[in-house]
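Take a look at the structures listed below.
Two complexes, one shared chain (subunit A), two partners (subunit B, subunit C).
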Partner chain A sequence: MLRLGIDFVRRFARNRAALIGLLLVIVVIGVALAAPWLFPRNPLRIVGRPEIWPFVNSRYPLGTDSLGRDIAAMIAYGARTTLLIGLCASVTATLIGITVGATAAYFGGWVDEMLMRFTELFQTVPNLIFVLTIVSILGQKIEYVTIAVGIVTWTPIARLTRAEFMALRDREFVQACRAMGMGNLRIMLGEILPNALPPVIVLSSLVIAGAVLFESAVSFLGLGDPNVSSWGRLIGDGRTLIRTSWYICAVPGLAIMVTVLALNLVGDGLNDALNPKLRDR
Partner chain B sequence: MPLLSVRSLCVQYQTAQGTVRAVDDVSFELEAGETVGLVGESGCGKSTLGKAIMRLVPSSDGRIVLDGRDITSMSSGQLKSLRKNMQMIFQDPYGSLNPRHDVGTIIGQPLSVAGWSRRDIRDRVAELIRQVGLPADAERRYPHEFSGGQRQRVGIARALALRPKVIICDEPVSALDVSVRAQVINLLQDLQQQTGVSFLFISHDLSVVEHISDRLIVMYLGRIVESGSGEEIWRQPAHPYTLALLAAAPIADPRLARGRAKQVLQGELPSPLDPPQGCSFHERCPMARERCGKERPVLRKVSGSRMVACHYDLLEQPAELPRAVSAAS
Partner chain C sequence: MNRIVLRRLAQVIPLVLAVIVLNFVLIHLAPGSLFDVMTAEQQISDPAMLDQLRHTYGVDQPTWVQLAKYIWSVMRLDLGFSYRQNAPVLNVIMDQLPATVILMLAATSVALLVGVTAGVLASVRVNTIWDNLISLAAVFFFAAPSFWLGIMMTVLFAVKLGWFPVGGMRTIGAGNGAFADALDVMHHLVLPATALGLFYAATYARVMRASMLEVFRLDFVRTARAKGLSPSRVVVAHVMRNALLPIVTLLGLQLGTILGGSVVIEAVFSWPGIGSLLFDSVMSRNFPMVLGVLVLGSLLVAVANATVDLLYLRLDPRIRAR
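Moving on, here comes the complex of A and B:
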């Protein structure tokens, strides 16, 4: 296992862009973790004069918004929200997707039919509207946004897992396990899943990036959790002043862009490292 | 009482084009410590028969009796305790081992499924690794670090782990180099002597089966066309199809090979979706007559343990042998 691990790291490191992406993600994670030390007080508190431009006042390096709140503090705390939602939503989506896809492919027949129709049902609903509907029904809390994003983004993972399981289901090592009387659950989790996982992990890492965008969109529309700072919400708040103080939108916009880009780069790197045979196509 | 008894077993597949009878009314017995070779060309249903006996594919009719117990309609829970009596060796040494597990885990898997303690598993795995001639450090290594022959040894060790009474060998050497084949076959024979296990040895290659089998079963399009002792069949085939198979087997001596007139079968295996009327072999049979196209021959006893499904078998009518055959003998 150790040797496989070293191999994995080496293959990942060969992709420069992925390394840069990883570095950026680490920086964002670092900022998110360090937020309470960097800005010990509530980031939504009004600290100074409104609309101070960035790099003008050294106390507020990224300036203040229309209410006089410290943008740097809101960005740092926003990183926590964004990453947490992205990660949890991706885990939720992956769990649902793997469960549905694996069950459908392994048992086949009417189980497959039913689960795939169910998946298509979810695919046909426009994603953003679906998220907004769920959030407006459940309520404006960060947990509900996470669940909503997870519920909306699991379908591609289910389809991918199903395809992988289909290819592996009839392989001889699986038949050998059935011949020795191994239970279905153990075959699915212990035998097939580890072989099906690499491409699924890549897709899950991309779902994180997608979830960040969803969260921003929800917050931008004012349906996010009002008690936490979030990048999307900051953009939403700043949009009325876009002609005069455009930096209020631009700073969190840049943060979203860099984070999503970095996550995508990491996803590509994971793809190279986990599916080495596909890389040189 | 035979160890394994298969009675009129049928396996059907439903496809979009219709029903395929992959295995059609097959009966045979396997005694303890015996090796039965099952031969036939690709697509004749021999692997399906093996998997149906393992209950890996469902059978539509007939009975499978293992050690006096009918396993045909057992649930997977009931089967679990009987699995230890019957194991399988697979064809593809690359596909039959999970690349994510080390060899020790793979060999120990049947034991862990059967509920052995961790220490017992470790001891048994070490013993098996020695028994099949793998290097002692194999346990911690992964399948991709081994050659095809060694991987097949891992598969054999896994099949042996629970000390089964029957092992179904599904073309265990056809994916291996010729040089490695003999080693693996010898290993199987040694293991049979040591443990008294019975083999159902499936192969499309008669020269492989010849070495290891006590008895031979020849299948064509899902049905048995001939069965009997290996020696007898080898010396004097009774079914024209067996004769053709034998004629297709390579001969080591090039001078003999040159002198032998080859009787090459014409045409392809007919589609199992639409098997021919009458004898399923008559369209390709060099000795077919009018009756063969109308009436399906039943498998009947010709002498001793010899069974054949042909209206005009070659034992009865040696005069009918075409020239190709007399040149071959």
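Moving on, here comes the complex of A and C:
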């Protein structure tokens, strides 16, 4: 196990882009964790003159927005929101996806047919429109945004889990478990799932990046939680001032881009390290 | 061939039915029914009047009767009445739909044109500076939120340079004539279509590069070279045609996302499509309109998916044989 772990780390470290991505992700996580310590007071509080440009006043290194709020503080607290929603949405999507995909492949037959039609349904509904509908019906709360994003992003995970389970469900060790009289649930969770998990984990790490983009679009449209600092909301608020102070939009947008870029690089790196067969293509 | 087309189109029907049921469930999840919103806006408080209205709108019937009635009415393309625009939901959506379809088509064209060209270029010049530059650009555009890209492009090309208009679809009070009008719309279309299309172009470039490199290794390409075809003819007529198949698959899978993305881009560029309509309806809790957009959007995606599948048959005759 340990040797496998070391092997994995070495393969991951050979990929320079993935290392850079990992470094950036660690920086973003660090900023998110340190936010209350760096900016002890409420980030949505008005601190100074509105529309101070970045690098002009050393007290507000990234400037202030149209209301005179500190952009640096909002970016730091926004990192918390972004990472939290991205992570929770990805976990939600992974749980739904694994449940649907595993059940479909393990039982096969009409269960498989029904569940795959169900998956197709969620692939057909235009995802952002669906998110907006759910948020408008349930209300503008951070939990609902998270659930909504999870609900529209689980389909690829379900398909992948199904494919992995299909390949494993008739293998000898599974048949041995059946012969021993193990229950279906125990075989699925205890025996097949650990073997099917690595590619699924890679995909859910990529889902985090997608969830971050979804969250930013929802809060950009002004449908996110109004009481939480968010990068997308900051862009939406700054949009009316692009003639004079376009930096209000530029700074949080760069933050989103760097985060998504880093997450994608890490996901690709994990993919290469966990699926060495694909690597040499 | 006709039977395949019919069978594929028949698969759309259960999907749309399921979307309608999903809609109905969503309506009933909403805290405060549509009926409450309506009566509150009209300020009706008389209990007798409320009872009568409940009867008129069928809210007093059991849930399954309401569901059956809802499915039946959607089947007849009756999506309800929007009290806000004071017009049937379907008419309002149909008025706005062409603008969105134009935007989607333009964005898809930009994505295909830029993505396929970049992918082909990167694969022909594999492991050179061109390849690296294209891969780098693809990684960046894959990570940038399209609405932010749109705003930044507005700042540069509309505000600073003044090449393109900031938003809208037509210049108000511009000269008439179909040709001038089309030109005007196209001028307004450049920035939104590019902002939306570049994200997908990034995906297509990566996939196209990988799939071109895959095809380059196949035997028939060596044959084509051996019989003396020029390098450009090998690339365009033999490799590209075969490498395009994954792009078509991807295009079909992403239509729903492009429709969703156009909602946000429409908000950035005040493009008068169903995105703006949806946004306004979500804000005013106009549920019949929101759900109408969801149903018609899903229908659009389902039909477009079927079309892509049929296109696939044309592109690759081998599939038909199975």
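The criterion applied here is as follows: the second predicted complex is superposed on the first by the 281 of 281 C-alpha atoms of A that agree within 3 Å, B and C clash if a C-alpha of one lies under 4 Å from a C-alpha of the other, contacts with A are read in each partner's own complex, and residues count from 1 in each chain.
By definition in this document, a contact is a pair of C-beta atoms (placed from the backbone, for glycine too) under 8 Å apart; a residue touches a chain by one contact, two chains touch by 3 or more.
Since the model is a prediction, treat every value here as computed from it, not as a measurement.
Number of subunit A residues touched is higher for C, counting subunit B against subunit C.
Contact with neither subunit B nor subunit C is seen for A:Pro40 once the two complexes are overlaid on the shared chain. Touch criterion met: A:Pro126 reaches subunit C, while subunit B stays clear of it. When the two structures are aligned on the shared chain, A:Asn195 is found in touch with subunit B, with no touch to subunit C.
Contacts of A:Leu261 after superposition on the shared chain: subunit C is touched, whereas subunit B is not. In the superposition on chain A, A:Phe173 makes contact with subunit B only, while subunit C stays out of contact range.
Shared-chain residue A:Phe220: touches subunit C; no touch with subunit B. Note: no residue of subunit A belongs to the subunit B contact set and to the subunit C contact set alike, using the contact criterion stated above.
Contact residues of subunit B toward subunit A in the complex are 51, 54, 56, 76, 79-80, 83, 87-88, 90-92, 95-100, 109-110, 113-114, 155, 158, 162. Residues 117-118, 120-121, 123-139, 209, 213, 216-217, 220-223, 232, 235, 239, 242-243, 246, 249-250, 253, 256-258, 260-261, 264-265 of subunit A touch subunit C in their complex.
Within the complex formed with subunit A, the residues of subunit C that make contact are 14-15, 18-19, 22, 26-27, 29-31, 139-140, 142-145, 147-148, 151-152, 154-155, 159, 253, 256-257, 259-261, 263-264, 267-268, 278-279, 282-283, 285, 287, 290-291, 293-294, 297-298, 301-302, 305.
Considering their complex, residues 171-173, 175-182, 186, 191, 194-195 of subunit A touch subunit B.
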